[in-house]
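The letters A, B and C name the chains in turn, as written, and every chain counts its residues from 1.
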Amino acid sequence: MAEPFLIGEGMTGGYGGADILHGCTLAVEKGEIAVIVGPNGAGKSTAMKAVFGMLKLRQGRVRLAGEDITALTPQARVMKGMGFVPQTHNIFTSMTVEENLEMGAFIRTDDYQGTLAQVYDLFPILKQKRNQPAGELSGGQRQQVAVGRALMTQPSVLMLDEPTAGVSPIVMDELFDRIIEVARTGISILMVEQNARQALEIADKGYVLVQGANRFTDTGKALLADPEVRRSFLGG
Amino acid sequence: MSVNLRNIALFAALAVLYLGTAMIYGWNLTLTIVNMGLISAVMALGVNMQWGYAGLFNIGIMGFVALGGLAVVLVSMPPVGEAWAAGGVRLIFGLLVGAASMVAAVLVWSKLPKGRVRGLALLAVLIVGFTLYSMVFDPAVRAVEAVNPSSTGYLGGLGLPVLLAWPAGGALAAGAAWLIGKTALGLRSDYLAIATLGISEIVLALLKNEDWLARGVKNVTGLPRPVPFEVNLQQNPAFVAWARDWGLDLATTSSIVVKLSYAGLFLVVLLALVWLVETAWRSPWGRMMRAIRDNEVSAAAMGKDVTRRHLQIFVLGSAVCGMAGAMMTTLDGQLTPGTYQPLRYTFLIWVMVVVGGSGNNWGSVLGGFLIWWLWVMVEPIGQNVLSVVTMGLADGSWLKSHLTDAAAHMRLLTMGIILLLVLRFSPRGLIPEK
Amino acid sequence: MDILNAIVALLNFVIIPGAAYGAQLALGALGVTLVYGILRFSNFAHGDTMAFGTAMTIIVTWGLLALGISFGPLPTALLALPFGIGLTALLVLGTDRLVYRFYRKVKAAPVILVMVSMGVMFVMNGITRFIIGVNEINFTDGERFIINAREFREATGLAEGLAFRTTQGITLVVAVIAVAALFWFLNRTRTGKSMRAFSDNEDLALLSGINPERVVAVTWIIVAALATTAGVLYGLDKSFKAFTYFQLLLPIFASAVVGGLGNPLGAIAGGFVIAFSEVTVTYAWKKVLTYLLPADWAPAGLVQLMGTDYKFAVSFAILVIVLLIKPTGIFKGKSL
């Protein structure tokens, strides 16, 4: 098999002190959805941040479309086509929805009106509320703004850190639908999820992390079917 | 202070600096610098308590120092009987009326339910209170200030020994600090800075304008002294004989002896304060303060009332500044509100603390002496440097006279640059905290 | 009862001076609030940035006058203002490069930056004094009045004269233009929006590819423009003295905090709140009341709540009340 589109390979490192990641490997293919699940404190978000360059790696490499990007800053990775949606503080609360999206397109020098229309097609509610301050929106709508903002750079990979944290189950289902739609346009998705079962259902590939290392890696379906994964991580 | 060679060397170098000054400029001038150095060291100690121990940024030191100066007048000057008779009691009563209406306003605000009634009631209380206050207070002030305005025109003080004014100055400053701390502590750190800046401007405005209190810009001169006058010494036969035996000039010697006695008094205060804060710092209270400073969040999580502790140390530090202010006014023998400049009494003290070493008491002492010396000497040194620089220019040329005039402002630049350089390249100062 | 005369007196002594002073404070507070929003510290050097900008403008004004250039009925200083702004921008950009940038890099605590800004304040003050000295300088020229008190009396037949000085008119016009330009910039341009984004959420702004150094540089340039404009308007209206600007620091900070630090709209509102409070509290109301009340009710005293020497106390009292009741200010602070 050819090399995956984005891969963080054998990543080891932490925030200054002790290592949090121990030889962790994550990868996602073009247009597919990869989901990282695992117990609390397993280093899921840390692994994702490592892929995005927000963490200094002691060992391991990150490659995007075959190019080694390990040494690049997060900003430089955005330029290379990676989009990142943090778990919290992921919108500009005092700015309108449209301004949020504009800021997403800040690095683009071409006309981004087309992308803006695409985002509004994907999230119609945002078009309705385009002139409202993003801080006044509901939790689910804020997440849509956050994802929309990241899409404005037309990334080839979109990384989501627990996009459904704190939203209701109905909103969660809707968000997952939208994420599938995004993936269908050819954008690879790498996301961390707390709601492991639902996330694995839409995942092409699933990673179960424990203590900063890969425990199980398989397709989403296979993981859901694996009795050991079910028992240990999906609550039976 | 851990007795290490570096610190000893630093203090030795300081001593050499002062000795050298004495060689060139004579002991009389040097002792003047030493006395203000001692007072500066006490001020720096107070600021260091706030900044080094608790990270509180006080930019109103001048106000606390001025309050200390006011205390000297209020404690040591004899009461002006005529002024008291003219309207003293009425004046005090007026102040009480003012205070009572403030209390009433606060009560109305806190007790009544929210709504229009509360607003109207508050306004009514304020208007009635203010009218009553000015009806009682204003005539009293006019009467008091009319009493012999060229020499008194104020109520005078209590006529107590002047040394009592030192703790009183501390207490006055502590009171003001408590009010400020209550308002601004527990909010963002910048707010305390802004609030202290405000209080110091107001204290100065009060001192300059309330003539009945301390004669305003007419100054109070001839404050009692804790040490003998030079003239008295010169008339004292024993002293005269002693000076003659040693072959000393009478005028200079008497002046030096007076300055030395002041220095002795100040030194006692300084050493006592250093001993007190060092002891406190090693006590459980000091450990708690350090814990709070190093990690406010976790200290708060352990149940420490951070804001209360901050208030405590803010009040204590300000009290030390107030005491230093009282000492300074005692040394000057007069209270001159017009001479209080934030540059001199706020900023300079900060330079002392930062250069000496934030969080280290001995550092503050060193910084106090060193920076005060620089402050005094920058101007003559600047003059010299400029006269060398402008040597090539023709006498009377525009640039030359401009540069020579500007030498007077070199202090600001020098001190500002010293502060910035130390903050940038040696933020821990000359004697770092252990 | 003489309502017309009362209104004229009120306009003359309270409303016009209050509005002009309010506009000057608002411009000053806008600078403080911008620095707070983007660089996240209270800039104590702001007063002296204003002083420096004004000094530069005065020197250019002198140069223009020496060349025989003047601005007709308007003060020549307005022609010199852009040069003053340019020179001040160079100074603050240089300061940022030499001083503040280091602390940004090491992510120093805000209180350290406040202290550093105090050091900068004294260096700037020293430079200003070095260049222009400490004397009081009056640099207004051109027409002195838009409306002259005597002519007003003759034209209207009222007992009370109305004086509207050119400097007051200019203050209001220039302030409106400056504020409109600032808000247009912040809300309509890409760079302005990126500044708001940076102020709102620094991390996300970085993720969006917004260059922080560029945002900071643009902020300093705008701050230099606002500070110089505010300083020149204040200097034209009163007079220039190197250290009066330090004393403006308190009302300016009070304005910014009252409106909500970091909020430009709040800074403007706060400026006028502080200015009008100061003017109304220190104004002797006797004149207005004499016109309004029946003759035998006329007040004996000046009806002045507080001497003008205590105007700082007014800013301070308002500041304290706001800190006690609503520390985030009238408009919620910390956002642009």
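Annotations for the structure displayed:
The criterion applied here is as follows: contacts are C-beta pairs under 8 Å (C-beta built on N, C-alpha and C of every residue); 3 or more make two chains touch, one makes a residue touch a chain.
What you see is a predicted model, and the numbers here were worked out from it, not measured in a lab.
Chain contacts here run in a simple line, from one end chain through to the other with no loop closing. Comparing per-chain C-alpha centres with the mean over every protein C-alpha atom, the closest match is chain C.
Chain geometry summary: the mean Cα position of chain B and that of chain C are 31 Å apart.
Centres computed as Cα averages put chain A at a distance of 47 Å from chain C.
In terms of their C-alpha centroids, the spacing between chain A and chain B amounts to 58 Å. Multi-chain contact residues of chain B, defined as those touching 2 or more other chains: none present. Considering their complex, residues 41-42, 44, 99, 102, 109-112, 114-116, 118-127, 129-130, 133-134, 246-247, 249-250, 253-254, 257, 261, 301, 305, 307, 309-310, 312-313, 315-316, 319-320, 323-324, 327 of chain C touch chain B. Contact residues on chain A toward chain C in their complex (touch as defined above): 74-75, 78-79, 84, 86, 89-95, 99, 102-104, 106-107, 149, 153. For chain C in complex with chain A, the residues that touch the partner chain are 190, 193-194, 196-197, 200-201, 203-210, 335-336.
Residues 55, 57, 59, 130, 134, 138, 183-184, 187-191, 193-195, 197-199, 201-202, 205, 208-209, 342-343, 347, 350, 354, 405-406, 409-417, 419-420, 423-424 of chain B are the ones touching chain C in the complex.
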